[in-house]
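As written, the chain order gives the labels A, B, C, D, E and F, with residue 1 at the start of each chain.
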Amino acid sequence: MGKIVTFGEIMLRLEPEGYFRFLQAATYGATYGGGEANVAVSLANFGLDAAFVTKLPKHEIGQAGINKLREFGVDVSKIVRGGNRVGIYFLEKGASQRASKVIYDRAGSAIAAAEPGDFDWNAIFEGTEWFHFTGITPALGDTVAAICMDACKAAKARGITVSCDLNYRKNLWTREKAGTVMAGLMEYVDVCIANEEDAADVFGIHAGGSDVTSGKISHEGYAEVARQLAERFGFKQVAITLRESLSANDNNWAGMLYDGKDCFFSKKYAVHIVDRVGGGDSFGAGLIYGSLRKMAPQDCIEFAVAASCLKHSIEGDFNMVSAEEVLKLAGGDASGRVQR
Amino acid sequence: MGKIVTFGEIMLRLEPEGYFRFLQAATYGATYGGGEANVAVSLANFGLDAAFVTKLPKHEIGQAGINKLREFGVDVSKIVRGGNRVGIYFLEKGASQRASKVIYDRAGSAIAAAEPGDFDWNAIFEGTEWFHFTGITPALGDTVAAICMDACKAAKARGITVSCDLNYRKNLWTREKAGTVMAGLMEYVDVCIANEEDAADVFGIHAGGSDVTSGKISHEGYAEVARQLAERFGFKQVAITLRESLSANDNNWAGMLYDGKDCFFSKKYAVHIVDRVGGGDSFGAGLIYGSLRKMAPQDCIEFAVAASCLKHSIEGDFNMVSAEEVLKLAGGDASGRVQR
Amino acid sequence: MGKIVTFGEIMLRLEPEGYFRFLQAATYGATYGGGEANVAVSLANFGLDAAFVTKLPKHEIGQAGINKLREFGVDVSKIVRGGNRVGIYFLEKGASQRASKVIYDRAGSAIAAAEPGDFDWNAIFEGTEWFHFTGITPALGDTVAAICMDACKAAKARGITVSCDLNYRKNLWTREKAGTVMAGLMEYVDVCIANEEDAADVFGIHAGGSDVTSGKISHEGYAEVARQLAERFGFKQVAITLRESLSANDNNWAGMLYDGKDCFFSKKYAVHIVDRVGGGDSFGAGLIYGSLRKMAPQDCIEFAVAASCLKHSIEGDFNMVSAEEVLKLAGGDASGRVQR
Amino acid sequence: MGKIVTFGEIMLRLEPEGYFRFLQAATYGATYGGGEANVAVSLANFGLDAAFVTKLPKHEIGQAGINKLREFGVDVSKIVRGGNRVGIYFLEKGASQRASKVIYDRAGSAIAAAEPGDFDWNAIFEGTEWFHFTGITPALGDTVAAICMDACKAAKARGITVSCDLNYRKNLWTREKAGTVMAGLMEYVDVCIANEEDAADVFGIHAGGSDVTSGKISHEGYAEVARQLAERFGFKQVAITLRESLSANDNNWAGMLYDGKDCFFSKKYAVHIVDRVGGGDSFGAGLIYGSLRKMAPQDCIEFAVAASCLKHSIEGDFNMVSAEEVLKLAGGDASGRVQR
Amino acid sequence: MGKIVTFGEIMLRLEPEGYFRFLQAATYGATYGGGEANVAVSLANFGLDAAFVTKLPKHEIGQAGINKLREFGVDVSKIVRGGNRVGIYFLEKGASQRASKVIYDRAGSAIAAAEPGDFDWNAIFEGTEWFHFTGITPALGDTVAAICMDACKAAKARGITVSCDLNYRKNLWTREKAGTVMAGLMEYVDVCIANEEDAADVFGIHAGGSDVTSGKISHEGYAEVARQLAERFGFKQVAITLRESLSANDNNWAGMLYDGKDCFFSKKYAVHIVDRVGGGDSFGAGLIYGSLRKMAPQDCIEFAVAASCLKHSIEGDFNMVSAEEVLKLAGGDASGRVQR
Amino acid sequence: MGKIVTFGEIMLRLEPEGYFRFLQAATYGATYGGGEANVAVSLANFGLDAAFVTKLPKHEIGQAGINKLREFGVDVSKIVRGGNRVGIYFLEKGASQRASKVIYDRAGSAIAAAEPGDFDWNAIFEGTEWFHFTGITPALGDTVAAICMDACKAAKARGITVSCDLNYRKNLWTREKAGTVMAGLMEYVDVCIANEEDAADVFGIHAGGSDVTSGKISHEGYAEVARQLAERFGFKQVAITLRESLSANDNNWAGMLYDGKDCFFSKKYAVHIVDRVGGGDSFGAGLIYGSLRKMAPQDCIEFAVAASCLKHSIEGDFNMVSAEEVLKLAGGDASGRVQR
């Protein structure tokens, strides 16, 4: 099987201990994460050959990000070194009716300030079978958006499958800007991944009958969203995560895969949350894994949802599960009995 | 808006890490808290001008209590320094069917040994609009009860609104003693706050149809309790918290406000508990905030209950939430979705 | 009341902090535990005179195990010192759909390499009223199985009551081997304790109508299992724990006691899990306590189940609860209200 | 005594635990610090009325900085809220021959992006007796340098004593730029504070006979530096810290005060370092305290050096010592005997 | 060999992490300690049969103290349960020129409020060979002093050797009171232990030529002190610790033993301090061990000093070393090479 | 430059926090280390292409060891997976006169139980320039010794430089056995590395005039040892570390390189120890780096000693320093001044 390349930003994640609020924190847990990096780690944990591409400063805060990827077997040899700072995000874990809170401090990061010449996509894509990015990356700035476009074109030219997780971030750009830029990139995308709100935010495609704040999800509405996305941009597949937020501790979690013809809905899991950041990324990674392993659509969406269900039980952005563990859950054992 | 003054004891709170029992503790988390101090911090976090009055030793264990209040913007300039020790309470966090456990070590604290001459209420009440205390303070001893009486009289003389949270503590005094002393103080109280058991413990006023151990709560019973309290002591308002204890992890939480005419019941929240100590105090603070902001009774009780609902998700005695966060929850978003 | 002696292995338990997976651990919580040691500590915490017998190396890792037992009042004077290593088990705590995971590293431990001559059962059993072991101990190897047999015979000869928790461990021996060895030992056993799978695993006695992975439990099926066990081996009592695994966080927990005539089923508790390792051992200890205190069968099973229900709320192998706390829960207060 | 106002940047300080290198850090201790903030906290700990002026974002990372100052009694009422980020510095603690390492991530901080209109110096200086800033503040950018100039002029106009710690930071500006900008500001400065290298770095005034890397310090050389500084800029006082770096753990520490006529050298302390960051700031605070308390020059420099000697034994940027503790050390008790 | 009984107070010791000052502490390390308890643990660690006698409340904070003693093998069967609180001491660890600081919060502890009838010394002294107490115990109050006297008389009557560590605490009583009370008790004491200041504080016997703050120690002066003590009270042995405090990190440590005829001075160790609390107690325990083992005077003082030298390298009040480790150091290997 | 391959065991290192003794540990810091793995990490940190070869179980405790190597860029692709357990060593950090203590629990580890057929040295040595192992590896057992011999022969056949650190471990084998086995392997070794005791322990070659326990080192004696080693086994180079143990905190550290003709002695560093485990390994890595970089002998030994001097300031087995940092220290800056 060929290599999977993902491209984007990896940030230093700083997080108060346990359920402390920012104003109570005397220490920050320090890990690294970011949409595309999370996908790469997840795929490496499934045993695939995954590479992550970004730009990081030469100092130790940059090096630590590389080391964390390397620890889990991600190929970091194409990461460009330079620039001044590592993007940071502060994460406060919510509980019960109190939502988790993210404060971004990512302006001026090395990747946001990167130049197109920093990346030689022909060299990077040597031996590559799949390319993945998310809507966060082009949102980092016009230059990064242009680099994304370079990557998409290079991938397409080599016949590499391209997937994109729409991942709209309202603090990075407006819906209008996102709509325009993303529409241009979608031309090169084969597999579109979205959460229950992204299609509406980025492309104005709404799911009828759902209200994400109150936790109501309509299957038919999301099937319709998938069909419209596929029609407008010619995607081969559209996958959507379906989260019902009951509280900061308890969510229902499911997903849907549209293969251009039919909609396949996964089982729904009642999730007791340890850490939900990176849940969507782990879904994307599961989907890519299923596709590369040529799973049938129903198996593929079950794998992706089981993988991301497990992610919710794991601290940090990265999904630390093996393919075997995912298959065991997708196969039906959700009892949580001790494995000795 | 004028200043809010609260008066009582602030204790050093020592707590084993996580769910460790006392006999397993190798370290204690060290924070500070106490009924009236908690109210002051809560109000300061809402953006109001709140002062806390007590007596604390000159040594660093006393100073640390002052610093913790100062950190959140509470006015500490009227705290008297002297005496020998800071009251302590040890807290073991419960889980599932195992209840939380409190061991008090507060005898002989500086405030319990304070003298009436330590406090110049005329100076303290300069610019004050509201005075708050709880039933714990007079329970510390006859002298402290007398100081409370001084404060109530001085407040009344200046036209300051007085609120009292009944807060019965069986290890500090008997029901009989409490009934006598509190009845005397109630003469000066405008707003009475209580939990689902206090009225019965202190004044023998029982809510029909409820059983707090089994978690059954009767609306009509509590309306009747409020009416009786108001009649007996001439309170302008009576507010009661309605906790249904399902387990040490899960409670239902609601409240009721009686404005002398009608009873207003709040929404009920299913709370997944991080830390329930100080829940009642955060309710009182919410009620005071709502009153000072001239909220309509239904809005006021919704604010107070939402504020204290959030408190249950926060470690420590202090309610670390802003008025905006409370309004957001009271306004209906309890989904706990990540705020980016 | 006489002494209770338990015999088996105590291991060093190494556990990543919180919900970290093994691959995320930078520190391990270090405690000690093992089936029979857990029973001894539980009984000592109930106020009984309990002794634990094993073999441990002379170095500090062995001494630390002794100190941990001694800390809770267990008599360690009969522990033999020698051998090379302390058995270790690594424990990763599960959450939601992700199961807890145990990696054993116990081969070659001092007790597994012990010789029959290491233990003078006549001296050990001086003043003893009850002897307890589990199916893990004979599974450590043929020599340890022989030592178990020595102990059983010596106990029987002195008229000591013998209890055994079947506790099948598939990574230590096969079902066939277990069946043979355990059947020999059962001849000396008065009280048999088992979980919902042990009877099937060890003796091929299945409970009709139950599926432990899906969490379905049939009362009639387990009554039948108890009756068959009693018939085949002449047990005076058979006690079975009935766990319904809903997820790694939530289990239902109950138990059954067969006294040779009737089956007594306990209340069922919905448990929010802090740590479920040692749950069965705390049940066994509760049963032994109830028997020694001459409780009626229904009271006895309620005590055993309430004790082990509380264990699920406590970190570590050891059940850190007093008899009073168990009686309070068994008596009906499961509200988890703060005890001040 | 009047208020002391300090102006500059307060940063989030992130630091691996103990002696871990950046590449080993799984958590960061999170405190706040910065040259002028450190001076304000130090003075507040001495019991003076100290205010700190800066600009900080409205979010919780900004608020936490305010709370930390407030905790120690610093007046924060003149801090302007706005801007996007809090400057950060990462600190790795050195040991033995391995030096401590600082990575700055402060570009684009709220104060660096502040506008002159943000600060109303007339209002800020109400009731002020002393104004202090360091060479780091004008180094943040031309606009901040201009704000500094505004502050200096406003201070001078009100007859406020102005002190400046030269504090050259080579990663913020060049020696040439520093020389020009600082020379302009020096016109308004009464008291100049410097370490053993600053005068050379900023103004090219070298101390003969000293080599800071090898730890050799010449008294006469530094007396000459002080005289030249005073002559060139008309300072009333020049104070210089004299550090001899023996290793990352062990330094000798002393200081010198030139009062325009004579040079007063302090005792020299052999310091075993806990944390040397903020050592110079605590010296500056000691000097300001001594001056405001009208200490004789020798007493003043002894106080400043004893204060900063103690700082080296304290974690974090802030000097957590009382004036009494400093006087005790300056008075001769350096034995470190337990104070009961 | 017979049992050693020690009598006094065991306190909860609360200590900020690392070198944090009290005002920086968010957690307290929680251990237990106290002069006589420390001696008992030390002796148990040497392998002797040591019992500690005190009074402790029935609650978990009291029980935890018992468990900590039990963990190290101390006989706790004679500890009386009752009273309200456990004495507490807060300890801030000093560094370099900053001294360690102790804040006592021990008034009203169970032992301070104990009654003579609580202790049946005849039962306690069954099988006892040595009785030890310190000057802290009678300082707790007149009743405790009377209990001490009871113990001394009972010990004497049984021919038990009695040792006392003078251990003057100025915050518990005046020099005058101490002198009077202690003189009465000394009548029953065989072995007197003191540090370099106690004899002067309690009995006004000064060592010529020494200045403890500056770290100067005169051998001849202390020999004279020992001789005077022995003469005045008829001690068979007088042992004095000789500490030279260079800083909070570095002390020189030695000791002297006077056997009624000659003075034996130990080697002097340059100690790099981890924790010096309990240093004197570990010396006393070493001396008792040496005496019971019938060591020659020089060997005995070398053992006591080596034991207490090692204590300085160990966290907490208790000296966690074996007799073998002490003998190895006393025998000359102070190189600190790794023991594999 | 070609690859460096090292071969041996990597163990899980479990270590009480700070200066806690084993009997005080409630958590263990969990890292990985071992002589040859340490050399590989050190070289990777210097920027070279280093591979480590061993056998590790397939479970997560084995995988975590791989991940830790991978994190720092070590090539792990030749590590064989299988076997049952990861070797463990427990490390207690000494202080002052108390020595560090190591308890090994490594019997039965995957590598100790490996078979010759597990390793295909021809494939492993593809592109390799240097092969390194230590005397610990053949000490693991006869089969491992045979595998070592295979590796040495394969290396020699390919013209790969072979280095060996004698590293005698008395708990793994006797001096006699070590002497015999090692002598056989030495035939293939070009560069011999040893500490101040190894030559005597393994080959009976003593350095006159030195006493390692008392900290006396004779230059001439070690020059003679090097010459004798070179003569007996035909080594091209012999390098010896010269440690003077003053205490567990303070050592002097230097080294010597004999190039077959002359002896080159390095500077001597007074080291304040953070962690001395792996000190010798970091010396070996420095020597290999210097050799591969073709440094002159004096530069080479200075580099090796400076590298290992820095190691003593770093927690864990691995030397986390860059070549630039080593060169800076070797070049003379040992002042430990903050690097900003």
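To be clear about the criterion, contacts are C-beta pairs under 8 Å (C-beta built on N, C-alpha and C of every residue); 3 or more make two chains touch, one makes a residue touch a chain.
Since this is a predicted model, take the numbers as computed values, not measurements.
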Proportion of interface numbers common to chain E and chain F (over half same, under half different): different
Distance between the centres, which are taken as Cα means, of chain D and chain C, whole angstrom: 62
Chain A and chain F, separation of their C-alpha mean positions in angstrom: 42
Multi-partner residues of chain E (at least 2 other chains): 18, 21, 23, 26, 67, 72, 101
Chain-level touch network, classified as line, ring, star, complete or other: other
Set of all touching chain pairs, with the criterion as stated earlier: A-B, A-C, A-D, A-F, B-C, B-D, B-E, C-E, C-F, D-E, D-F, E-F
Interfacial residue positions of chain E with respect to chain C in the complex: 67-68, 70-73
Footprint of chain C on chain A - complex, ascending: 18, 72, 269-274, 306, 309-310, 312-316, 320-321, 325, 329, 333-340
Residues of chain B touching chain C in the complex: 18-21, 23-24, 94-102, 104, 169-171, 212-215, 245-250, 276-277
Residues of chain C touching chain F in the complex: 14, 17, 21-23, 25-31, 59-61, 63-64, 67, 84-86, 88, 90, 92, 101, 103, 105, 107-108
